[in-house]
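As structure tokens, here come the structures.
Each of the next two complexes has chain A plus one other chain: chain B in the first, chain C in the second.
Presenting the complex of A and B:
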């Protein structure tokens, strides 16, 4: 087996917790093009600079901890091979997710993100049958089996969202998608009214950047449009005395 | 004001998080330091098998019993991060088919409910399994999400008063003139500032790194980091964990997780576990072996490969052995260092009982006769770990 090694430059904005702005630092890394961006970051931490901070846990796209911006695009770095994002002797900019406060280096503060999702009461485990499987056919015999829901709460969608970038009050695609999934799973505590607000489903500009970067096929953009449909049905029913039939 | 005994736990993997929760429920004042994110070492990188004990029921009865007992408890308290569809142990070869009686006897002895299935039933349930399967057992295996399991324990501890310092790297452990570990210095990696933390007891729950941390206190813990490789594929080929009906070996398990299938694993020894490169040859061997069970892994798209370093314990030490699966070292008893305990070994499925046994030891040192309560309550939502205010 031939082991190929590439030499690449990784540029990371370095920032301590008490600093107002970041300073770019370049690291030269020798790495196989089949290794991932997260491997490269971990290698820098292990062999070059033990002060580098980043989030990671599962290394196979089930935990959602390692979201970063790679050359300006949101990526789950544990499943992003180096060869997909650069070439030999190339440079990679690896930055923390946008639209979250930076704690240090590549670590962002996710407290509000998780508080907002929790308020939506999305299911953590669903069955194969449920509406959240938009993209794959399910055999009848496995429809009732359990399955962890697809959303891994990585925050990539929020980072990519152009509305979240300009409006700090916007609930954002992850929370709205969570609410849609809670409603689809008929969870009693899910409140559709949480989306019926100028900072909710109506604030979305349909850029669909969220769906484009989602590493887990959650399709937040589709789900926000579905919430609007449900809100329209509910509101028409209210305004016109309940004569409108539910689709 | 009554002052609670203070405990400092180093390491926020499964063991450290479960221990923080247990000790907090028993009334200790608990602080946890972790150099990275929760579960950013070995714990996060497990394949996520909720063991039924089936894998050990023939050659390691004690471990198997521990697994099935904890399996039942975790299914109750940690439903939020689990897929539980039962699993299978399937015979592909004649040799494996002949293992049937041994396996059944082992399972019965350990109290693991198993049921024999003919190949037609197996293939009806899991059409992706090799059509030449000869039969197999249905066993109570499940899958869990590793980070969320750790976070659920950590959240439950934090919401009840435990304090977590993530991104704090241990820099030194201070031992006083009476051979007592009294405090540690840690570097806050967000700020580069060094702080000192005092405690009545310091617990080293750093798994594969336990030897390195123990050395800072001048004691020896014989842990051998033993990594294994895992590969995740882009397709949920099966809906239940599928094991080979044999003693544990390389490439003998394939698990579902969300939209993926994960195969595991291999086993080799290393000295340094901060970064373990992936050996392409090992990956290929494992895929070949897994394809004997589920041929479609050859066509499935690659999603990720990763390494996880198990903390295996060298045998033949004078360690206080709680079980073959994990060990809790009271360093006062084995090396004369007071106020310092190491808990290591074990597996995710047994993290709660590891915490229970360690908390029993800590309680006995303070003449506190409190009972373990961790099996009684459903864990708090893992998301609440990140809340700005305790979610109680």
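Presenting the complex of A and C:
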């Protein structure tokens, strides 16, 4: 078996929490095109610069820790093969996620993001039927099987969202999707009113970038639209005399 | 700390690099909205010429008969059509209608818009 090795240049913005601007640093890496972007970043850390900081854990798209921007697009780097994002002798731009405070190099502070999701009381486990959007086909025999809810809390959706770029108060796609999942699973502590706010479901401008970059097929954009539908049903009921606490 | 959300980042709304086709709808709606707002302001300024008397108004009308302004008018029509049809798509999806087909609706809307814009283009410039 012939082992192919590519020589690529990886550009990474180097910065610390208290620094105003980042300084780009180029690293030359020899790597198989079938290895991943995370493998390349780890090689830089292991063989070239021990001060490079980045998050990683499971290496198989379950933990959501290694979300970064690769050539300007949000990716889970542990499942992004080098050959998909560059070519031999090519250059790869690896940046931290947008719309989060940068802690250091490729590490961003996700604490508020996690807190917002927690506030929505998303289910950890749901039945297939509960967790699916209305349009998704659900096979009858699997409808009552339990499964882990898809969101891996990687933050890619928030980074891709154009509204989150400019509005610090926006709850963001992951939190709103979590609320939709909680409501779908009939979790008592889930409050739809959390989304009925100018920083909630109404703040979304339907770019659907969150759905485009989601590595877990959560479809946050579609869930936000579902939340809006529920909110409109609830509000119409309230305005025209019904009770309508929850649609 | 850098990279936190800020209104100063608004220019990145208009950068389509690396973004999905859905973002084109987002970008087009913002550009057309800005264009239509600008047109609205210019329109009010034009109407304001009425208060300056007949001579000033006639002079302004003679100026806007320049073909360059006709191109501008076509751009206004294009902006109105694109913004309106994409607005229908966003309205429908916001009611939970056709969310799964939002990309298809965007492409369909763009084709319909192109047809309308070409029709108006021929009507306005076909006889030139």
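Note that in this section the second predicted complex is superposed on the first by the 226 of 247 C-alpha atoms of A that agree within 3 Å, B and C clash if a C-alpha of one lies under 4 Å from a C-alpha of the other, contacts with A are read in each partner's own complex, and residues count from 1 in each chain.
Criterion: a residue touches a chain if its C-beta (ideal position, glycine included) is under 8 Å from a C-beta of that chain, and two chains touch if they have at least 3 such contacts.
Keep in mind the model is a prediction, meaning the values are calculated, not measured.
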Room on chain A for both chain B and chain C (clash or fit): fit
First, second, both or neither for A:167, with chain B first and chain C second: second
Contacts of A:209 with chain B and chain C, given as first, second, both or neither: second
Chain B versus chain C as contact partner of A:239, first or second or both or neither: neither
Chain A residues touched by each partner, larger count belonging to chain B or chain C: B
Touched partner set for A:229, first chain B, second chain C, both or neither: second
Contacts of A:55 with chain B and chain C, given as first, second, both or neither: first
Chain B versus chain C as contact partner of A:72, first or second or both or neither: second
Partner chain in contact with A:17 - chain B first, chain C second, else both or neither: both
Which superposed partner A:103 touches (first chain B, second chain C, both, neither): both
Distance of closest approach, chain C and chain B, by C-alpha atoms in Å: 12
Touching both chain C and chain B, counted on chain A across the two superposed complexes: 17-18, 103
Contacting residues of chain C [partner chain A, same complex]: 1-7, 9-10, 12-13, 17-20, 22-23, 25-26, 29, 90, 93-96, 99-100, 102-103
Of chain B, residues touching chain A in the complex: 36-40, 43-45, 48, 79-85, 124-125, 127, 143, 145-148, 150, 167, 169, 188-192, 230, 232, 236, 239-240, 256-260, 262, 274-275, 278, 280-281, 303-307, 381, 383-388, 391
Chain A - residues contacting chain C, complex: 15, 17-22, 71-73, 96-103, 108-109, 135, 160, 162, 164-168, 170, 205-209, 211-213, 221-222, 225-226, 228-229, 232
Residues of chain A touching chain B in the complex: 1, 3, 16-18, 34-36, 42-43, 45-47, 50-51, 53, 55-65, 78-79, 103-104, 107, 110-115, 117-118, 124-125, 128, 136, 139, 141-142, 145-150, 152-153, 216-217
